[in-house]
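Both of the next two complexes hold subunit A, though its partner changes from subunit B to subunit C.
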Partner chain A sequence: MAPKPTTSYRRFYDVNGWLFVSIALGLIGVFMAFPIVHSLWMSLHAGQGTVVEFVGVGNIVRLASDPVFLKALQNTCIFLVIQVPIMLLLALVMASCLNMPNLRFRGLLRTAVFLPCVTSLVAYSVVFKSMFSYDGLVNHALAWLGLIAEPIPWLNDPFWSKVVIIIAITWRWTGYNMIFYLAAMQNIDKSIYEAARIDGISAYRRFVSITIPNLKPVILFTTVTSTIGTLQLFDEPMNITTVGTVFSDNTLTLSMYIYNLSFKFVPNFGYAATVSYVIVLLVAALAAIQFYAARERN
Partner chain B sequence: MTNWAEKFRMAGVYLFLGVMAFVSIFPFAWMVISSTNASVDVTKGKFTFGSAFLQNLEKLNKTFDVAQVFWNSGKIAIIGGFFTLVISSMAGYGFEVFSSKARERVYNGLLLTLMVPFAALMIPLFILMAKFDLLDTHLAVILPALASAYIIFYFRQSTKAFPPELREAARLDGLKEWQIFLFVYVPVMRSTYAAAFIIVFMAAWNNFLWPLIVLQSPELKTITLVLSSLGSAYFPDFGVIMLAAMLATLPTLVVFFAMQRQFVQGMLGSVK
Partner chain C sequence: MNFAKRFTIRSTAAAMLGLALGGTGLMASHAANAGEVTIWAWDPNFNIAIMQEAAKRYTAKNPGVTFKIMDMAKADVEQKLQTTLASGVTKTLPDIVLVEDYNAPKYLRSFPGAFEPLSGKVDHKAFANYKVNLMTMGGKVYGLPFDTGTTGMYYRSDLIKQAGFSDKDMQNITWDRYLEIGKQVEAKTGKKMFAMDPQDIASIRIMMQSAGRWYFDKDGKLDIKNNPALKAALETQVKFMQTGVYKPTSGWGEWVGALNKGDVASVITGVWITGSVKAEASQSGKWAVAATPRLNVPGATNASNLGGSSWYVLSSGKEKAAAVDFLNQIYAKDVDFYQTILQSRGAVGSLLASRGGKAYSEADPFFGGDKVWQKFSDWMGKVPSVNYGIYTAEGDAAVAAQLPGLAQGMPVEKALENIHNQLASQIK
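Showing the complex of A and B:
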């Protein structure tokens, strides 16, 4: 690039470099780096409101025997383990269908399946809440089709309420992930497919042996972002399965529990910070596993 | 492969995509239709347009000031979005054009913050806002979103496509670095800015948890907060809720259809 930098050139270069990034760094320092460190410090303290005392690992000990925390952790993990694979597989199949060269109405179909991504989480949540209410549209439709004799208590039942949340998140995010897959597929060289087709390799084998390996980085990206998203789940359970202001235990997530601990019950910021670090550690651990797995297979 | 087997397979593909498209669009249709029906009809599953639209609007306006709420959400999304673009694009430009070993390390640290979930930040941020005496202000909603590592990353990636010759020429013409940025870079990267603005605008417009924590006064509430409180009522009026949901979705839908290409381009900025 540039000729070997002289001292004055380097200084000019450096000053301008820092000037351009300084505002962003300042803001990230105040609103990101400092809070991360602060919450670590807080997690070593406990107490009500502003009266706090140092408890060391006391909060971590409390976690292990806190039934509400364990319930929230369990619910969050159920959502993660069931919803993310279903959604990513569906997105992958959708993308490969939309990527077929002789498909008609491609633009129309793509826009349709992508549309849910632009709605706010709260807006679609309240729409789903009405559709799945006890005397709502879904129960009416199922009864009309003769599939159920009794209405299903979608929003109150421990099992069905989780199903509704899973359906809702899948509806909202599948198209989002699909776009990443579709973009990556369009970057794969068409001649590889042509060669495989001429060799008489089946569509299924082409998908497994050509498409999937080429998409590995994107699959990793979507898995990590979906994992982070699901671990932070808040808006949907808060707005779909909550009646009045009482969060349902059936769909209580870690984020909702942190919210409760901080802003609903008598605030215990220290303990809430400890729960939030459980999410941080889960995100870090799962992301590390996913990166490691992706590298292993290479 | 025989011809009819191929046809059979395509039929399966159309069926699958058709069902998916239907499922994707259906809730929107249901929302629009229900906003014209009374609550009883909505729960009955009535799937035709009704005549209760104006009544619903009147009821909605009685519960909260529709224009005010729209103004609040719009103000936060547009002002916040504008400054996010200014700050993040400067940073993205700086990291790419003036790359050095030290800044490369800082940049990698910055990308690491993308992994930090908001749940881990919200309590210390809340305490910080209380210390700054900013609780229950729109500024408290806007500030934490201003420096977005994601948008900085997006701008850095896009800056790679900015021709260095343009910068060299401008420098030979005697322009200062900030002038090059403002008068050469910004106009050239217009479509990059447009794509980033859509992403930032939508994120701010749809944001829920953080405004829920910091905003208390009814006259400051955003559309998502109002929608949530309508939805969590013990005896929800579904017609009114659907109308409010539609109003909350409308701006993002309009932006999306007007700038579909930029929107997708913006989303993909992170994997290229």
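Showing the complex of A and C:
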């Protein structure tokens, strides 16, 4: 039998412990757990605004034959497949350049590369919008260089508008990912590189065979976070390629479709919740695949 | 789950929410004093300024009532209204809210009971018929019609003359004729006929309504595949895109900039553009106004509408009675008020009696001494009434999605089919 004082002592601390976390738990319950459970419940309903009825899996059935959803999914996947690899490769190369010990103005260059991701999303979107407009800087520059005869409709054309979005998010997020690589590179033991240099290994081989394997966990981390970010892409297409009252179909993403369903179209919060869960499932599935591909094989 | 259990969970959740929201509720109840009518609207130079004028007139006769006019961005008004109505917490809602006409049927249908029916309290016969129709649901009329989006063709008479046409050539023309004139204008003056965003569907809306058609028929059923007006509108849009008669722009600023910089010879849009056209004083006397072009289909007219908004009273409002009386006294009866807002803000109200006022028959030197307001109010009476239905935004998106394909030579029939399919899948 345990001595009595210990039990009450423990109980005392248990109660106090729960008291300490109760506020946080309450807030998490109200602002996280409840919305998550409620949105799941909502996704089983459909209708207009407050006039809703229970439809069970009806929303999921509707997804399969909804051309707008499929278009948004397609656009989102295009951004994901093209932009994320370009950005991560660029970040890796930049980090490795900025990690060179004999590089001049290192601090300045690092700041310059990181600077885009501390700028305001809306502010840079507005600048991009004006740069890529029909009369904008980019068209003028290209015409001056003699590369184009007619201005390119950057923001209106189905192909070019996607290019603009990819350029914009690459500009904004490359520096962010670079910082992770740079930090990880500085943790790699310098003696490994010295040994490799003495053995006469080329700089390219050193990068591929020493740097990249050592960065594996960080590369996995940036891939997963970039995937999540791209699947939730909203600000750039909303601010750069949206015109007037209608969202451009050319760059419609899943997040924009959710916004449309909730605030632009006849409000159908149930169906919007279902589309949100599609993003959740996609993120989960892609993250699982990435973890599986990058697992330790020994 | 038995009832007691469910009740406990509900009340716990409610209590938790109550705790979290208690602060906000307290603040809100303090903000609304007795006799204060709260109003949400957008555009400080237009709607807000006009509402302030209206409020001033009303308080002069009813000193007990004060007004709190809140200026927000249009998207913010819509989003706030929609989320608050959906949440069911009506405490923070205003007494009066401005709603764009295209959205009105959607709100009335999606949030039954949220808006106060005004039939019987306001004489709706005094307003333009097409505005009243779109705020009627189930035999009741909600809202008070405000500004119209009656369309017209603003053109640079100097450029048109340079191209070999007279002002007479611009009156009551068809879209095809407009296109021909446009080609001539470009050949002779080097200027484009108009500016347009290739993704914008505003001109398609104008064309459709001028022929009395919409994405939906009078019963609210989809009207796409056999809709001659929509078909003709898409064909006209294709002609625009293929002949390159327009200057492509993106966004409002660039579009208005094209007019003010003198890059284009005309603009066909709602009467609310007048202020922006007149903003470039150096072009005074060079502009003129003619009727909207018409389509080559049965029932086509030279009058249409783009945009416009109306005032709605919320049923949950504390000062509901004062709000209704205010709208009725000023917006439904005060003809002099309409003269003031026309002169100061260029607002063409939809109260038919206001057209008899002096301001409407005044000549405007900016438009070469033309009585432009008279023209717009005449067209206002001719705008065909259509049923916007509740899915106009979905219809716009479906049409916009087909424009790139059409520009590349997709048959119009195929585009109509795609629009129909997309809309059919969205209307559930």
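Criterion: the second predicted complex is superposed on the first by the 273 of 298 C-alpha atoms of A that agree within 3 Å, B and C clash if a C-alpha of one lies under 4 Å from a C-alpha of the other, contacts with A are read in each partner's own complex, and residues count from 1 in each chain.
Basically, a contact is a pair of C-beta atoms (placed from the backbone, for glycine too) under 8 Å apart; a residue touches a chain by one contact, two chains touch by 3 or more.
Just so we're clear, the structure is a prediction, and the values are computed from it rather than from any experiment.
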| item | value |
| --- | --- |
| Which superposed partner A:N156 touches (first subunit B, second subunit C, both, neither) | second |
| Which superposed partner A:M32 touches (first subunit B, second subunit C, both, neither) | first |
| Subunit B versus subunit C as contact partner of A:S133, first or second or both or neither | both |
| Partner chain in contact with A:N260 - subunit B first, subunit C second, else both or neither | second |
| First, second, both or neither for A:P67, with subunit B first and subunit C second | second |
| Subunit B versus subunit C as contact partner of A:F269, first or second or both or neither | both |
| Subunit B versus subunit C as contact partner of A:D249, first or second or both or neither | second |
| Subunit B versus subunit C, judged by how many residues of subunit A each one touches | B |
| Which of subunit B and subunit C A:V51 touches, first, second, both or neither | second |
| First (subunit B), second (subunit C), both or neither touched by A:F207 | neither |
| Shared subunit A surface residues [contacts with subunit B and with subunit C] | 26, 30-31, 34, 129, 133, 135, 243-245, 262-263, 269 |
| Subunit A partner contacts - residues on subunit C that touch it in the complex | 13, 16-17, 20, 78-79, 82-83, 85-86, 88, 106-107, 109-112, 197-202, 247-252, 254, 390-391, 393-394, 396-397, 400-401, 404, 418, 421-422, 425-426, 428 |
| Contact footprint of subunit C on subunit A as seen in their complex | 26, 29-31, 34, 46, 48-51, 62, 65-68, 71, 129, 133-135, 153, 155-158, 243-250, 260, 262-269, 271 |
| Complex contacts: residues of subunit B adjacent to subunit A | 9-10, 13, 16-18, 20-21, 23-25, 27-28, 30-31, 34, 42-45, 87-88, 90-91, 93-95, 97-100, 103, 106, 110, 113, 115-128, 143-144, 146-147, 149, 152, 177, 181, 202, 205-206, 208-209, 213, 223-224, 227-228, 230-234, 236, 238, 241-242, 244-245, 248-249, 252-253, 255-256, 260, 263-264, 267-268, 270-271 |
| Parts of subunit A lying in touch with subunit B, wherever the complex brings them together | 13-14, 16-21, 23-28, 30-36, 38-39, 42, 93-94, 97-98, 100, 102-103, 108-109, 111-116, 118-131, 133, 135-137, 140-141, 171, 175-176, 179-180, 183-184, 203, 217-218, 221, 228, 231-232, 234-235, 238-239, 242-245, 254-255, 258-259, 262-263, 269, 272-273, 276-277, 279-280, 283-284, 287 |
